[in-house]
Amino acid sequence: MENVDRIKSEEMINRIDGRLTKNKIVKGLFFIATLFTLIMLVVLLYRIIAQGAPYLSWDFLQNFASRRPEQAGIKAAVIGTIWMMAVVVPTAAIFGVGSAIYLEEYAKKNTLTRWIQMNISNLAGVPSVVFGLLGLTIFVRLFGFGNSILAAGFTMSLLVLPVIIVASQEAVRAVPNELKEASYGLGATKWQTISRVVIPYAIPGIATGSILAFSRAIGETAPLIVVGIPTFVAFLPSGVFDSFTALPMQIYNWTSRPQEEFHNLAAAGIIVLLVVLIMMNSVAVWIRNRYQSR
Amino acid sequence: ADTGTEEGEKTEQTDAGDAQLQGEISIDGSSTVYPIMEAVAEEFMLEQPDVKVTVGLSGTGGGFEKFIAGETAMSNASRPIKEEEAAALKEAGIEYTEFELAKDGLSVVVNKDNDWVDQLTVDELKKLWLDNGTAKKWSDIREGWPEEEIKFYSPGTDSGTFDYFDEVILDGGQIDKAATLSEDDNVLVQGVTGDKNAIGYFGYAYYIENKDSLKVVPIVNEEGTAVEPNAETIESGEYAPLSRPLFTYVSNAAIKDDAATAAYVQFTLENAAALAEDVGYVSLPQEKYDEQLSTLEGLK
Amino acid sequence: MPFIGVLGLKGAIGLKTKEKELSPVQELLEKKYNGGFLNRREKIIPIILFFMAAVSVLTTLGIVLTLIFETITFFGDVSVVEFFTATEWYPFSETEAVYGIWPLVLGTLKITLIASLFAVPIGLAVALYLSEYAGVRTRKIMKPILEVLAGVPTIVYGFFALTFVTPVLRDLFPSIELFNAISPGIVVGIMIIPTIVSLSEDALSSVPEPVRHGALAIGSTKWETASKVIFPAALSGILASIVLGISRAIGETMIVSIAAGSTPSAALDLTSSLQTMTSYIVQVTTGDAGFGTTIYYSIYAVGFTLFVFTLAMNALAQFISKRFREEY
Amino acid sequence: MVLTAVNSKENNQKVQTENVLVYNTKGLNLWYGDHHALKNINLKINEKEVTAIIGPSGCGKSTYIKTLNRMIDLVPGVKTNGSIEYRERDIFNKDFFVEELRTRVGMVFQKPNPFPKSIYENIAFGLKIHGIKNKQIINETVEKSLRGAALWEEVKDRIHEPAYGLSGGQQQRLCIARCLALEPDVILMDEPTSALDPVSTLKIEELIQELKQQYSIIIVTHNMQQAARISDRTAFFLNGEVVEYDVTDTIFNSPADSRTDDYISGRFG
Amino acid sequence: MVLTAVNSKENNQKVQTENVLVYNTKGLNLWYGDHHALKNINLKINEKEVTAIIGPSGCGKSTYIKTLNRMIDLVPGVKTNGSIEYRERDIFNKDFFVEELRTRVGMVFQKPNPFPKSIYENIAFGLKIHGIKNKQIINETVEKSLRGAALWEEVKDRIHEPAYGLSGGQQQRLCIARCLALEPDVILMDEPTSALDPVSTLKIEELIQELKQQYSIIIVTHNMQQAARISDRTAFFLNGEVVEYDVTDTIFNSPADSRTDDYISGRFG
């Protein structure tokens, strides 16, 4: 047994205690940091709910904006947001997935491709106000869409496009090579392989990434302000060329009114917005969990 | 809705109350005027549900930008149109008419616990707010006031309210650079409420809404009397020089060509008085509205 | 060519099993071989997809052109020298307007600095906790929660800063003004925490498990493994997440518009009101500035500066990921 | 067409027969970028036989078999010269669409790779991409292919359930069935049993013996016993070269090259 | 301490010696959730010998070896009962910190897993976490360990370059050197050569023979020739059970259990 207790045995055991304590302290600190972010979220939600919940009612969802707080509602804003998203979702999804497939499956690894790729990651970092300026100049003015659903929708589409491209690229890249090989091995053409194997497999990943991007689009205020969409809209749009208003605009407007009741309405509006967001995020999580185990 | 209907029926020349109109009216501009225009639009659409009115709040300048681009039929403003804007409209071939809708009394307020400020003259206001490169104390303004540093709260430099204050009090000079500026008047209310040495100014509506937590300062007018802002003194013009007019600018072509717009403007003028008060502004004397209604008739 | 196809098949099936008939599948496939595999779709689709990918390039081009034209107009009124050297930004004075971008840049930097000082340590701590210490369950629960935090609209954060964080700070340190850099800075930090956590966590957990096992198997504690092996290995991803977080902080608009005030200030002090590049743009677009005035054009010049900033951050990110790329 | 001596293991008699070639590889070289992975390969592969390719890891077995159906095209930066004739047609010829080649030449991979679809859809996939829409033909083919892969009895009650519910060995047989659906001429298999348990391996080996009646099979394996058990001919690869190619019995019992002997007897690899 | 007959392959004489145990596994059971992966394992492992563990895929070889240094703790939902004594101390005892156990018992994995650091740092790492800061001691230990892993000559000129620049076989030897730096008592190896080319494999095998002079080695391998070549004792696992455990020669030449014979002779696996 003489060779069992090797060098530094004593010392090593003495030090283990200290090392384990250090580990515990660090773990505790990290846990506190995690808890802190959770607490922030809870405080944030609590304050909003406490202020806004009493104002939530069926009428609130059913009414148009009004100068009388007790009659004011967010129907136009909710429906407007839905309309806007009806433009954003297909536009951004089609272009996003299309770009991702081009870059991952077709593009040669040359300078042009690298350049496009770099450009996309640049674009992802451009502030949303700047997209607002773009939307104002191109869609509102140059294309003459005015402050319509289409103008705002396209602006938001461009805003989320880079995020969706990147998420889709990751999803496409995650498709196991073996599946593509299986398809090619059966004599499938490239597009057949992409459309029948790659895309279906990547869809959950694409959806998860995109939903998170879309939920960002729903909450974005700055580009809408810059594009200049109106706030008082007491009718529902009947097409994409109609004017509309959106949830964040309505909320922003209410918070800047003198009357306290409007501030509470804003909180109620925020609750509605958050519910929409959490619903979207839940769908994303559900999709992710559902398909993760493949 | 009651006021609207009554007056709509009373005025014979109009068909706003009877015939069902259709169309779209796009309005944008001042956020100060927004609550009035929102109220008008709300009431109007109860009567004419097929006319789609939208009201935005891009600010007076932002509103004119769209008005010049021909994107809106009406543009709200919390100050008279500027020369550059008038010129641009001319160049764009847009003729327009200015309608005054109501008055806003810029209210100068201090903290509830401020027991020394009883009134202020225009000169004192100027002394207070004009930048002189150093921090000011209350004692610098009037003998006997405490030797405490003053904290200033002002609407953002890009608001109509600031513009107006700058023009009538500061003569276009530099506002105290230490002033806290905010685009959101509610924030100013909070600032003044929370600081004993604070002074601020903002629209009358914000004062009324928070009158329990603020102290409004009477302002000495040209006649030499200190006047507190309220509905009467603002309407009568006694509260001077800090009462400012609120406008909407309408495209003549829109009034002429579009029955809906014409009806809407008429409705606005007929109801502005009541609705302005509703949302915390002060109406004009009735003659003023009647006068503008006849101007409108001439444009149809 | 198709002729050879048939021959080939005869070769395949014919010779030895002469009596065998073609199955329906074979028959149909045979037709296809004869028809050839030329497919126009295969040629057109990549072209369509290329144009889709080009949209993002066009977007950048659009942004640059949009900004550049109006910026040029702006520099017709204001000298470039003044823009870059003057230390005052005071466009609204009718008599003595000054356009020196520095106060706005400084405002942006203050917010960004505070946000990063707040978010980077917390974000990394959370990421390390999730990837190295927490169980699968915790991770599965925390990730969506962080996503909610990331999805909360920034106006909501703005009011949170103004009506909660600022008063709390003012209770603690009465010298802090209503508008200051600290409160919105912290809240912008809270807003970017999810970005940092989520990307760093990805980077940490993509360090292969065997590497982790290697460290644990020679008797290191979790902390030793995490700090000395995993963290350095994931450095490039972690730095990229920080850069991305910072670039979101630079671009953040509503929080600062609401809670930081709107006083362009060249002072270094963090307790008083300031204005950032983004909040200036919002101020002007919702404000009173007349169309065609210098102020109106100034937002494009500011927007352009902002754009250059984000480009620089991105270049930094690219550099970092090249410089620190680890291969496992 | 060449005449060769075939030693089929089933009838241990040496029989002189006329053999039809499916593949004729002539002077094939292949580079991954600068790495010369296949060096002057010459191999003639007979119809309706099992040809095994053995050799240590990295010797180019997978590379060669992937070249036979041009799956190697998917790897960027690969260069080849020399020629491979499939049924006397040069597979590198522009007029020979890879899609046709791959339809005629099925492939089974090391790890079972069913699509994340139902069992049925996995097999119908190949038919559908080739434009076969007739429900009845598809149904019949699905059954026939599953039977052909000795899987029908095990899955017939759940062919609409996800393929991922099958065990590894079943999945591999499903992948074989997926090939069979297109009634290929040749089936290439790259270590088809290396990820499977012994029982599944045995089943697949039996299946290969079965399939040999109708198809030509080329199989890569690192398991020498397996090669010895199931193949008619064996090629021994080393460092991208064919060291020896002969009737399996000869390779295993009296190899001509000492390196083959070393490898076979486990002295390396 | 037990007396056992050891058949060391080097001196083909049977020698009666007194053996010291490093590990004594008594009635070990292990479950992954509901899956009973190890069933009543009883194994005594001798000091300064090479003990090989063989068996078909999924039989629990890796599970067992990972239990020996409690790396299995990293898998959530694992339950064990029974005991493992390392040098007469129960490794499941709370007072026995895993950090200590793992310092005394080194491990080499199937795929080389160097840290993404320089060669030098890879080896210094273990010393540093144990608080050894003296540059000279570290330098000496790095050299000694690299020599011990037969790697020094190949890398001495580039020990500050990234470890990922090494070939697979060199990386694996680096991982062995990393263990050696801590002068462990036992070295566990889980298929250490299965990802390596023949030449590298040979080197590692030689190294193992070398290391045996100083260390007790437990090696999992799927390569039976390898087990036969290098080990003193061999345990044959099947379905989570130890079917047979004996001197290697006995296992390979006259196994007591027919299942061992079947496996050895390649009838399955």
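The chains carry the letters A, B, C, D and E, assigned in the order they are written, with residues numbered from 1 in each.
Note that contacts are C-beta pairs under 8 Å (C-beta built on N, C-alpha and C of every residue); 3 or more make two chains touch, one makes a residue touch a chain.
Just so we're clear, the structure is a prediction, and the values are computed from it rather than from any experiment.
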{"item": "Chain E and chain A - chains in contact with each", "value": "C, D"}
{"item": "Maximum inter-chain contact count - chain pair", "value": "A-C"}
{"item": "Cα-centroid distance, chain C relative to chain E, in whole angstrom", "value": "47"}
{"item": "Distance from the mean Cα position of chain E to that of chain B, given in whole angstrom", "value": "84"}
{"item": "Gap in Å, rounded to a whole number, between the CA centres of chain C and chain A", "value": "12"}
{"item": "Residue numbers of chain B (touch at least two other chains)", "value": "31, 57-58, 62, 183-184"}
{"item": "Residues of chain E whose C-beta touches two or more other chains", "value": "99-100, 103, 129-130"}
{"item": "Multi-partner residues of chain A (at least 2 other chains)", "value": "19-20, 189, 228, 255"}
{"item": "Listing of all chain pairs that touch each other, if any do", "value": "A-B, A-C, A-D, A-E, B-C, C-D, C-E, D-E"}
{"item": "Chain D partner contacts - residues on chain C that touch it in the complex", "value": "1, 4-5, 8-9, 11-13, 15-16, 23-26, 28-29, 32-33, 36-38"}
{"item": "In the complex, chain C residues that touch chain E", "value": "135-136, 207-208, 210-211, 213-221, 224, 228-229, 232-233, 326-328"}
{"item": "List of chain D residues in touch with chain A within their complex", "value": "69, 71, 74, 76, 98-104, 106-107, 109, 111, 113-116, 125-126, 129-130, 164, 175, 178-179, 182"}
{"item": "Sites on chain B touched by chain A in the complex", "value": "24, 26-28, 31, 34-35, 37-39, 41-42, 45, 49, 52-58, 62, 66, 69, 71, 183-186, 189, 203, 205-206, 208-210, 275, 278-280"}
{"item": "In the complex, chain D residues that touch chain E", "value": "56-58, 197-199, 201-202, 225, 266, 268-269"}
